[in-house]
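To start, the structure under review is shown below, and the notes come after it.
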Amino acid sequence: MTEAILSIRDLKTHFQTQAAGFLGEKKVIKAVDGVSFDIAPGEVLSLVGESGCGKSTVGRTLTHLEKSTAGQALFDGQDILTLSPAQFRPLRRDIQMIFQDPFASLNPRLTIEQTLGEPLFIHGLAKNWAEARVLIAETLDLVGMAPEVMTRHPHEFSGGQRQRIGIARVMILKPKLVIADEAVSALDVSIQAQVLNLIKKLQRDSGISMLFISHDLGVVRHISDRVAVMYQGEIVEMGTKHEIFENPQHAYTRKLLSAIPRIKTRQVNA
Amino acid sequence: MALLEVENLHIAVSVGGVLQPVVRGISFTVDDNETLGIVGESGCGKSMTSLAIMGLLEGTPVRITDGSIRYDGTELLQLSSKQRRAIMGNRMAMIFQEPMTSLNPVYRIGDQIIESLRQHKSISKKAARARAIELLDLVRIPNPSERVDSFPHQMSGGQRQRVMIAMALSCDPKLLIADEPTTALDVTVQKEVLELMSDLQERTGTAIIIISHDLGVIAETCDKVSVMYRGKIVEAGTTENLFERLAHPYTRGLLNSIPVVDHDVEWLEAIPGRVPTLGEELSGCAFHPRCPIATGLCIAKTPGDTYIAGNHAVKCHYADQVAS
Amino acid sequence: MSVLKLMPSALAGRKLATIGFLWLVLVLLAAVFAGVIAPFDPLELDPVNRLAEPGWPHLFGTDHFGRDTFSRALYGARMTVIIGVGSVVVALLSGGLIGMLSAYFTKLGHFLMRGVDVLMAFPALLMALVLITLLERSVANTIIVIGIVYATTTARILYGMTLKLKNEVFVDAAVCSGASHRSILFRHILPNLISPLLVQASFIFAFAQLQAAALDFLGLGLPPEVPSWGNMLSEERIYLTRAPWLLLYPGLLIILSVFSMNLVGDALRDNIDPRFKDDISGV
Amino acid sequence: MKLSRAIRSFALATALTTLSTSVWAEGVLRYATVGEPPSLDQQVITSDLTTTIAHHIFEGLYTFDASNAPVPLLASGETVSEDGKTIVISLRQGVKFHNGEEMTSADVLASLKRWGEFGSRGSLLFDHVESVEATGDYEITLNLKEPFGPWKNLMAFINGGPAIYPASVMDGATKEPISPDNYIGTGPYKFGSWDPNRKIELVRFDDYVSPEGEADGYGGKRVAEFDALNFLPVPDAGTRIAGLRAGDYDYAESIPGDLYAELDADENVTTILNGGPIFGLVFMNSKVGPLKENFALRRAIQSALNKTPALQVAIGPEGLWRANGSFAPEGNVWYSESGTENFSAGKTEEAKSAAAESGYNGEPIKFMVSTNYPFHYDTAIVYTKQLAQAGFNIDLQVYDWATLIEKRAQPDQWDMFFTHHGFVPDPILISVMNDTYPGWWATPEKQELKNRFTASSDEAERQEIWSEIQALIYEQVPTMKTGDVYTYNIASPKLQGMGEATLIWPSFWNVSK
Amino acid sequence: MLAYTAKRLLTLIPTLLAASALVFLFVHLIPGDPASILLGDTATAEEVAQLTREMGLDQPLWVQYFVWLGNVLQGDLGTSVFFKTPVLSVIAAGAETSILLACMTMVWIVLIGVPIGVLSATMHGKWVDQVTSGGAMLAASIPTFWLGLYLIFIFSVGLGWFPSSGFPSLSDDGGLANLRYLVLPSLTLAAPNAALIIRLVRASMLDVAREDHVRTARAKGLHPANVAIKHVFRNALIAVAAAFGFTFAALISEAVVTETVFSLPGIGRLVVQSILRRDYPVIQGVILVIVVLYMVINLLVDLAYARLDPRVSLK
């Protein structure tokens, strides 16, 4: 295996619940409790598991949306967990995140142009709006949208379109690593397929590494190179897609796989 | 005569004083001991249909504009609200999508089951409580005599959905409507709940309508399937027949869109375009803008039912082509 | 932009609220053009014509100084607007900033919000009385005192609203884009607060009028020589039987204006992002 | 059926309430006051409200009859030596304090001593007293430094005056008012309770020993007819009136003049005028500021004012005020017209030029007024208008009373302030005569006249000197009188024995209902 | 629950300390002093200074504060400058009126506000709802003193149904019947507050009515009235309970205006009068007591939450 672009060792993220009053007792929730994995350049690793298993927290910790409690996360050889917010900011260009809910992840008060332009200016990829618009138009084209949509607000788009815009916001920075947190879960099946295809295509074309977080085993099988199954804050099984889906070792993985309802039908798309 | 007969049902929602059609004339029947699955994407009108059958549209901006719903031969749409309430929760019961919020958080679950029981049966409090414990046991809640005094927030989502089922079954209904009963649950829990429902059906012979967006859930649990698109049933038949020969381009596209766990697919065959919005007017077959085989005929003419095999009905001008 | 768009859609189909809005426009016009419309100098004394009944030329009669009540009422509209706008500005600026910063910077917020808690514990009107006695009666001080009273509730409300917004996914997305604190606060969070703030402002405006009138009544509000509706009521209240019009007109003006503002606020609230409905106090 | 039961219980409740109203209201006088007095200690507190309540509890050696002449109360008589420097006062025997002890010269001596040292008006007399001693169980002797005319008036004026307390209460008493458990006097009513904010209750003193003779003013026989007097603070004038009309009070004080005609015509209300008028005073600062020694400027200000419109606005009906420049009302022995031609000139133009001549060039003149008394404020508003018309730059500063009192003690804070003065039977009691009163008027001309005025005990001579002082006041203008105001109170017509008018403070002995 | 209460009470201490220091500072910064007010118009500066010294008011402010604080910690709020009696008893005298007035007002609010609010919510959108919620908003827009003046004019002077002003203690002659003195003031106070409760009950019920569990209740075939009361109102009560608590606390302090109009010997007017006569210990005492009351009510509201809403656990 080639040198990993991201290498996680024994990552722990614990939360303290704030009880009422300053004398209230605090409770610790071990959302992520000792997780290790590597992602190679151009590889898609999926984190799969049921709600509350801590898979989303892993992604949020890696983007500094949550604070890690312990462990190491080497990105390009640098431990990103110990960086201050200011030190981490330039790295955000390389580590981008796609969020689950396309309705909530776009600021309703900003136009598409403003939303997509903001990261360009923050990271100095455009000096003025003329430059920015060229890049925005290119990226919109990449996700299959016309450049005319730039002046519109998010509420004028359907869920699928919004998720495309969300993906555009990520792709416009040409990141090295994308963390996709339930990126297609909120979409209707017919739209989900479009977006999944788009993500897969973009990933292939630009060789981006991806951490794909999902509860949907079908989606995971479709997009991943390797799969890690999480249960109660820990990875219980990790392997290539085929190892996991065709020869699961861990009892929990088997239970998961057997729980999925199947459709007995002719192979319509074969 | 089937237990439930829905005929030419039209439902519209009032938006700023204007009625926008949501369900555009659907018909189906359900019989004792039978499970009907209604499947479709968001906005297709499947939930409205379930609320209309149950009689829960009162006080909402949604109106039934035409059609008939007959339960055991009785026309429900002509009953007084008092007569309607005598059926609701009694001979006909419903469980909902959100087990987290569908139970009243301030009452113990036992009391909520007892309330349902005593609403329709003259039964002492003590007997009702005993029955509630029995029901909890039936839906496989461990320690039912203790859990009967739990509050909803003290239970997991799966357990709450079981409580909902227990409550729905409390008066031995002949029809159970389950609106997205497992959507909010994890797959492992979903499996248990679905198994529970079919076990209970075997025991009681209740007719069940399951509403879901998940083709897999429907395929695995139902005897009959109706596929809805934009307020119409575009394809209906027994599960066996229907999945044997998918005859509507929409159903076919839907199935192809789903990534499966059992084998690899390089690229998903997605349905292009998007689900039409509420107010959008479309002529002919509503699916034509997204349909790979649409022709001028599809734009011009609304397709009627084409029967493929037995009860397998399809609303597509080219159903025979698609099916073969 | 969104503010201006809000009004017509909020008023659509609400007759009472529309009448209320028109009344407020009238009050605003009276406030702006009081100097032009008023037939008399509101401060001009005329002992000979004191306590004159409503009629010509004194439409609303005269008070015990012989001052023209109609002219004073027009200038009172000006005070109404000044007090209302002033209190809203003080409350929203101070309370709003505290609430927003507290929610965003949790450590600072823990400290600041405890301070707000302390202030909340104080009985509002009594505190206003102590403060106004301390600061002396003036228009500015009345505004400050009323503004502070509502600043605490505004801080609480904005604290809650900002906390909700802070947990919105689009804020996470902005953080992931590398946006700075300032940009997140003022570019991503604040614009989403504008319409709930507008609703809150309308309620503060309405209740500030009642608070100001109460302070005037207790003799601890605006300086007595200032023609405000509250002062007019307060100064002439013993004439309830002798010259009933002196109480009736300013009283009705206050009620109408507060009622109108409440109606408009209510209409706005019904039109606002449901996320914030519970937060806005209406008090 | 349910309804009828509701009606029955409502009727029962109504019956109960009406029943209880009549029971408790019978022997009690309910007096609505403007507020609460600072204390009932008569010696140190000069508030009118204090006296209104406290002169039912405490008595002095002398009091005033209906003609405002001093007559004995606790004294039985006195002898004054030829040179006028030794006064021997004999006391009535058998007079009981409310604590049951008999009043003797020891009590009187202790009371006079405390009053002389700490009493509000004590120094006015005791500056002239060499010594005071008890010369017998029922005899007290005053040795004066020089003959001092107003001694008896000062002894009779109970407001801030020498009320007689038991010696035990006076022991250690200072400037600080005595506490309520020491409210022990000799009056027809004794102190009952002070329920803060709610009421002060006086109850009949059954062992009261009344002076002899027909009731005459405050003099003569005193009989406590009520079981109790309740003084209830009702600060809002409208509420006082409404309460009296609704039958909740028997007597309400300080009623706005504008309502006089309406109330006088109301047969459910009796109006009672106060005999002695009060008057507003605008003091000028003799210590600091533009008015300090510029008497010409002061006179210019004085001549700019027309007092009548202010009285019309502040008081209302004609009968309740007089544009009277004399410091004593017409008919009073101290009435004098000297200097009063300048009282209310209202000469705007002359004032303007006079001010210019005096060197005034428009510097601001700070004029302080309080809103606690509506007539102060109303008058000040009119004056400010008039002065502005005459070219004066008046900076009207409106405060609450407590702030004004503090500010006026600081000479650099003000140039003029507004206050009012109660009726006094002797001009020596007028505040402007006090050199240390804010304004600090103490010119040599005043000193000279004041010394002559106090030294004389000849009534005619004193009246003559007073009229010279009044002329000097109009010339140096340490203060400007605003005119006489006849305040009035209202009472329930059920009250018997109130008389037509009040002498100075309302009194409720010999009154019943 | 007990442990929680104790803990909560402990957390009050810093708040109280901050509040007391703030009050002390504000009150003493007000111009004017009690000595000159006591002595009146004729007093000289020397006399005022002398009395100020005798009352200990010439000490540096911080010394006075710590002396006062020390006494407060021993349960002694000091002595009223004006009444010469312990501040605590002065407050207690006012508290009777204030608490009775607040209680009676709460009775009106509950009797009038809650049923109308429920009615308004269940008739949502119908004319009954429009009239009641419009009426409620109108009632909340009336200045209380204006309403009070007219109520006295109509019901006391005109009709003679109720006394106009004042309030003899319940321990005075008349006993419980003295409560009739509070009828008009409590109605005056109730008007705007009941209006707010109506709006709150209505809004909370409409919110709850949208919740999923209400649909469940309706699906059981329950009678709409049963759904409205047992499921909607019961849950809406959680939001309304807090409003009851804080309204009660506010009624005690915010009744100043009403107490002035009706000359009630309550705490609000006591503060206004004490401010006017600069009776520092009383002002400090009252505000401190009200702050404590507010916090206790805050605590009670939280305890009520725990009773009304099983999801809330107190630890």
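Here the chain labels run A, B, C, D and E in written order, and each chain numbers its own residues starting at 1.
In this section, a contact is a pair of C-beta atoms (placed from the backbone, for glycine too) under 8 Å apart; a residue touches a chain by one contact, two chains touch by 3 or more.
Treat the numbers as computed from the prediction; the structure is a model and nothing was measured.
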| item | value |
| --- | --- |
| Greatest separation from chain C - chain, by CA centre | B |
| Pair exhibiting more inter-chain C-beta contacts, D-E or B-E | D-E |
| Inter-chain centre distance, chain B versus chain D - centres from mean C-alpha coordinates, in Å | 90 |
| Distance between chain centroids, defined by C-alpha means - chain A, chain B (Å) | 33 |
| For chain B paired with chain C, centre-to-centre distance based on mean C-alpha positions, whole Å | 51 |
| Centroid spacing, where centroids are CA-atom means, of chain C and chain D in whole angstrom | 44 |
| Residue numbers of chain D (touch at least two other chains) | 236, 238, 372, 400, 403 |
| Multi-partner residues of chain E (at least 2 other chains) | 30-31, 149, 153, 260 |
| Sites on chain E touched by chain B in the complex | 211-224, 230-231, 234-235, 238, 308-311 |
| Residues of chain E that touch chain C when the two form their complex | 14-15, 18-19, 22-23, 26-27, 29-31, 134, 137-138, 140-146, 149, 153, 192, 196, 199, 203, 207, 250, 252-254, 256-257, 260, 268, 271-272, 275, 283, 286-287, 290-291, 294-295, 298 |
| Chain A residues within the chain C interface of the complex | 60, 63-65, 89-90, 92-93, 96-97, 99-101, 104-110, 118-119, 122-123, 166, 169, 173 |
| Chain C to chain D touching residues, read off their complex | 45, 47-48, 50-51, 64-66, 133, 136-137, 219-220, 223-225, 237-242 |
| Of all residues in chain D, those that touch chain C in their complex | 236-238, 241, 256, 258-259, 262, 309, 312-313, 316, 371-372, 377-378, 381-382, 385, 396, 398-400, 403 |
